[in-house]
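Next, two complexes with subunit A in common: one pairs it with subunit B, the other with subunit C.
Showing the complex of A and B:
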């Protein structure tokens, strides 16, 4: 599978974008020429130069430095959120599939209830209750997205439950926990990773979307959505201030989406 | 002794299919019984009821006089250790992510809890018993032939030395040579273990070749159940005679 992935142009493009975003996040303190919130009003809307490679914003902050640190904000929220959702989805989805009809009915009802509302509506409601801040955004995204992941895992796990190896495992003395962790999860994992990689894209967009709406991270935070929000007033005078963070969101989300879809194509080809 | 008495099984589909109708059968220690019948006659359903995998609509299954009530049966380790089934589709019956070693070791780990050294020795001995070369231990099911997959399933079923073994269509999908090898293996396993063995087959020739006792099933009913000496003359029911006339001589 790794060989097939490396031969797939779409996967390579996705992977390059993902690695670029992750490297930018990890190496931001080394790569950024300035601190993200370092203001210099004499440099207000400075043109790109050696010291400010992408120019400066309305407060004279280095645009490139803020974009680099912005990747940190997106990744530091999106990746832990996805990790938690992945665990929740895998455990609840497989438990729903093999924990008996009653448990399945209860979990399916709860999932259906959450899925019935648009993710953004749930997330906005949660942030409305908890207030702004990174922690609220994390909780909001988890609450908004977990049911989709659990439902997806359940459907794959149900397919696996129909296979004889599950019955053979039961006859070999596997209880429900062993069945879930030793058989079902390893077998649904490839499809799940595909879904997860596209989920990262949704999460990045959601984090930036909240910041743009002023619901998530504060306006002082170097974050792509917040930068986009801050640059709205300069759309005619300095449109590049909108283009830079917008392009970052687009490329980061596209990277995870392209990679996820390429993985799905590879897996479907193998099936 | 494993006894099924007056088993009826109806499925809750739109047609209300009755897969098994008032079927009774007994598996005796040391005896190899072949349950034979056309496809769709209810053989697999009856074998799964006997194995405690699915519950009958009516009737009882008694293992040494104690009733087996599915699905609780699956949670009883003692029962799983004593009663094993080799499923029809070997490719599907093996976890694609498990190696041969891990597949065979799984019942040993769960049902016997042997130390790792003993587990390794037991897996090696089981692989030898079913004529699987040791180097296949680290392979995955997709890297095995149909016959090798079947052998892994048989080794896995034998892992806990069960007193009752059910082989569901053990030779389906295999070529003639492999079919003969697997049948010889089952016969050898049966004779060495002395287990009460039930083979499910739709081939009357396989039944005559293997059986100490043949039970013939038609439309969910057991129409004939008698000891067999290997001769077609053992069977007298008109439906059994019809199946005999249709069989091709076993090579």
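Showing the complex of A and C:
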């Protein structure tokens, strides 16, 4: 499967974009020509030049440096979110599928409630409870998204539960915990990775959407959504400042989506 | 079938109850004092006595469960009281912002259907053709578009550079064209992928082979045989979005300065307004669950043979 992935052009493009974003996030201090919040009012809306490759914003901050640091903000939230959601989803989803009828009913009900609940309300309330900052945004997105993952894992695990190998494992005296970790999770994993990759993409968009609404991350943060919100005042005079941050969100999200969807095509071709 | 229906109806009310309890709990934990927010609105240096007076007059001195009970009673009377956020009756506020959201969601879904159905059919007509390859990549990129940024791009190109539309919303349907399109792009992109895959799956089935053996062309099999069978996953998805978009459009509403349900919700949460938040959340959740139910029933009508007990 790995070889097939490496031969798929769409997966390669996605992988290249993912690596580019991760590198930008990791090496931002080395790559950026300026500090992200270094203001120089004489350079207000400076034209692109050698020192300011993409020009400067309304406070004379280097646009390119802010974009690079923006990838850091985005990744440092989206990756932990997905890691925790992945664990939560796998454990709760498989538990729901094979932990007995009553547990399944309760977990399904909680999932249904969270899925029907407006995500934005959860996010604002949690950011309000925990205060601003990256950590509250992480918690907010986890609480808003976990139910979708748990439900997804549950539906795949349910399909697996009907198969003969599960019955064989049960007959051989396999306990529930062992069944979950040794049999169910490895079998659900391929589909789950697809979901995870597209999940990172939606998390990137969600983080910047919250920052755009001024939730969690302050307007001075070098984050793509916050930068969009800062640039909207100059939509007539400097529309290019609205274009760059969004393009970064698009590229980062597209990388994870292209990779995930290519993986899905490969998996479905095999099945 | 009867058991199924009664189970779904029971779940409907359970989920609504869960959603309302969750709203009250979240706002209760929120830590902001609604009485203080109201008092400070008229007088920034409101004294402790003034805040307490507001608290008593608004009934905010009662414990959260008592306020929840009062809200439930109000909900059945059709009058849940006054919003802390706007100081107007919640129902009046809803009557104002609900039609905005409904128009936005309705038009977005219209875009989704208008664009995704023909495009998916073209893709499935010649899979692995040039058009199919292009659409497959384009749809993944489309799924990755942040809607608020797309909104700005549309505003820059069609309101700033070429003044066909206005930056502030125009009255009537014209003001909704750009926002609904921005909202629909990631949705119809995802739609095309699901619809195309579903169509191709049907085209690979035995009845399609049989139709082919009878001498029917691929185009005719596609529109007359496969289309209907390929609909259930798409109907399910459409109904899911119908419910999701009502509160999920806040960022787009913000870009286009529309005052819809999403924007109202953001304001209400910020004012620690538990009654308005719970009312909105219950309405949104009701639409969500009902839309899913409706999708289920439509699928049962479309393809009764796919239903498992």
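Just a few scattered comments:
Quick note on the criterion: the second predicted complex is superposed on the first by the 264 of 271 C-alpha atoms of A that agree within 3 Å, B and C clash if a C-alpha of one lies under 4 Å from a C-alpha of the other, contacts with A are read in each partner's own complex, and residues count from 1 in each chain.
Definition applied: contacts are C-beta pairs under 8 Å (C-beta built on N, C-alpha and C of every residue); 3 or more make two chains touch, one makes a residue touch a chain.
For clarity, every value in this text was computed on a predicted model and none was experimentally measured.
Annotation for the three-chain superposition on subunit A: subunit B and subunit C fit side by side. Once the two complexes are laid on top of each other via chain A, the angle at subunit A between subunit B and subunit C, using C-alpha centres, comes to 90°, given in steps of 10. In the overlay built on the shared chain, the residue A:178 is in contact with subunit B alone; subunit C does not reach it. For subunit A, the partner with contacts to more residues, out of subunit B and subunit C, is C.
In the superposition on chain A, contact is made by A:163 with subunit B only, not with subunit C. Once the two complexes are overlaid on the shared chain, A:2 sits clear of subunit B and of subunit C alike. By the touch criterion defined above, A:30 reaches neither subunit B nor subunit C. No C-alpha atom of subunit B lies closer than 8 Å to any C-alpha atom of subunit C in the overlay.
In the superposition on chain A, the residues of subunit A contacted by subunit B and by subunit C do not overlap at all. The touching residues of subunit B, when paired with subunit A in their complex, are 51, 53, 74-75, 77, 80-81, 84-85, 87-89, 92-97, 106-107, 109-111, 153, 156, 159. The part of subunit A that touches subunit B in the complex is made up of residues 163-165, 167-175, 178, 183, 186-187. Across the interface of their complex, subunit A is touched by residues 11, 14-15, 18-19, 22-23, 26-27, 29-32, 136-137, 140-141, 143-146, 148-150, 152-153, 155-156, 160, 167, 193, 197, 243, 247-248, 250-251, 254-255, 262, 265-266, 269-270, 277, 280-281, 284-285, 288-289 of subunit C.
Considering their complex, residues 10, 109-110, 112-122, 124-126, 128-129, 198, 201, 205, 208-209, 212-213, 225, 228, 232, 235-236, 239, 242-243, 245-246, 249-250, 253-254, 256-258, 261, 268 of subunit A touch subunit C.
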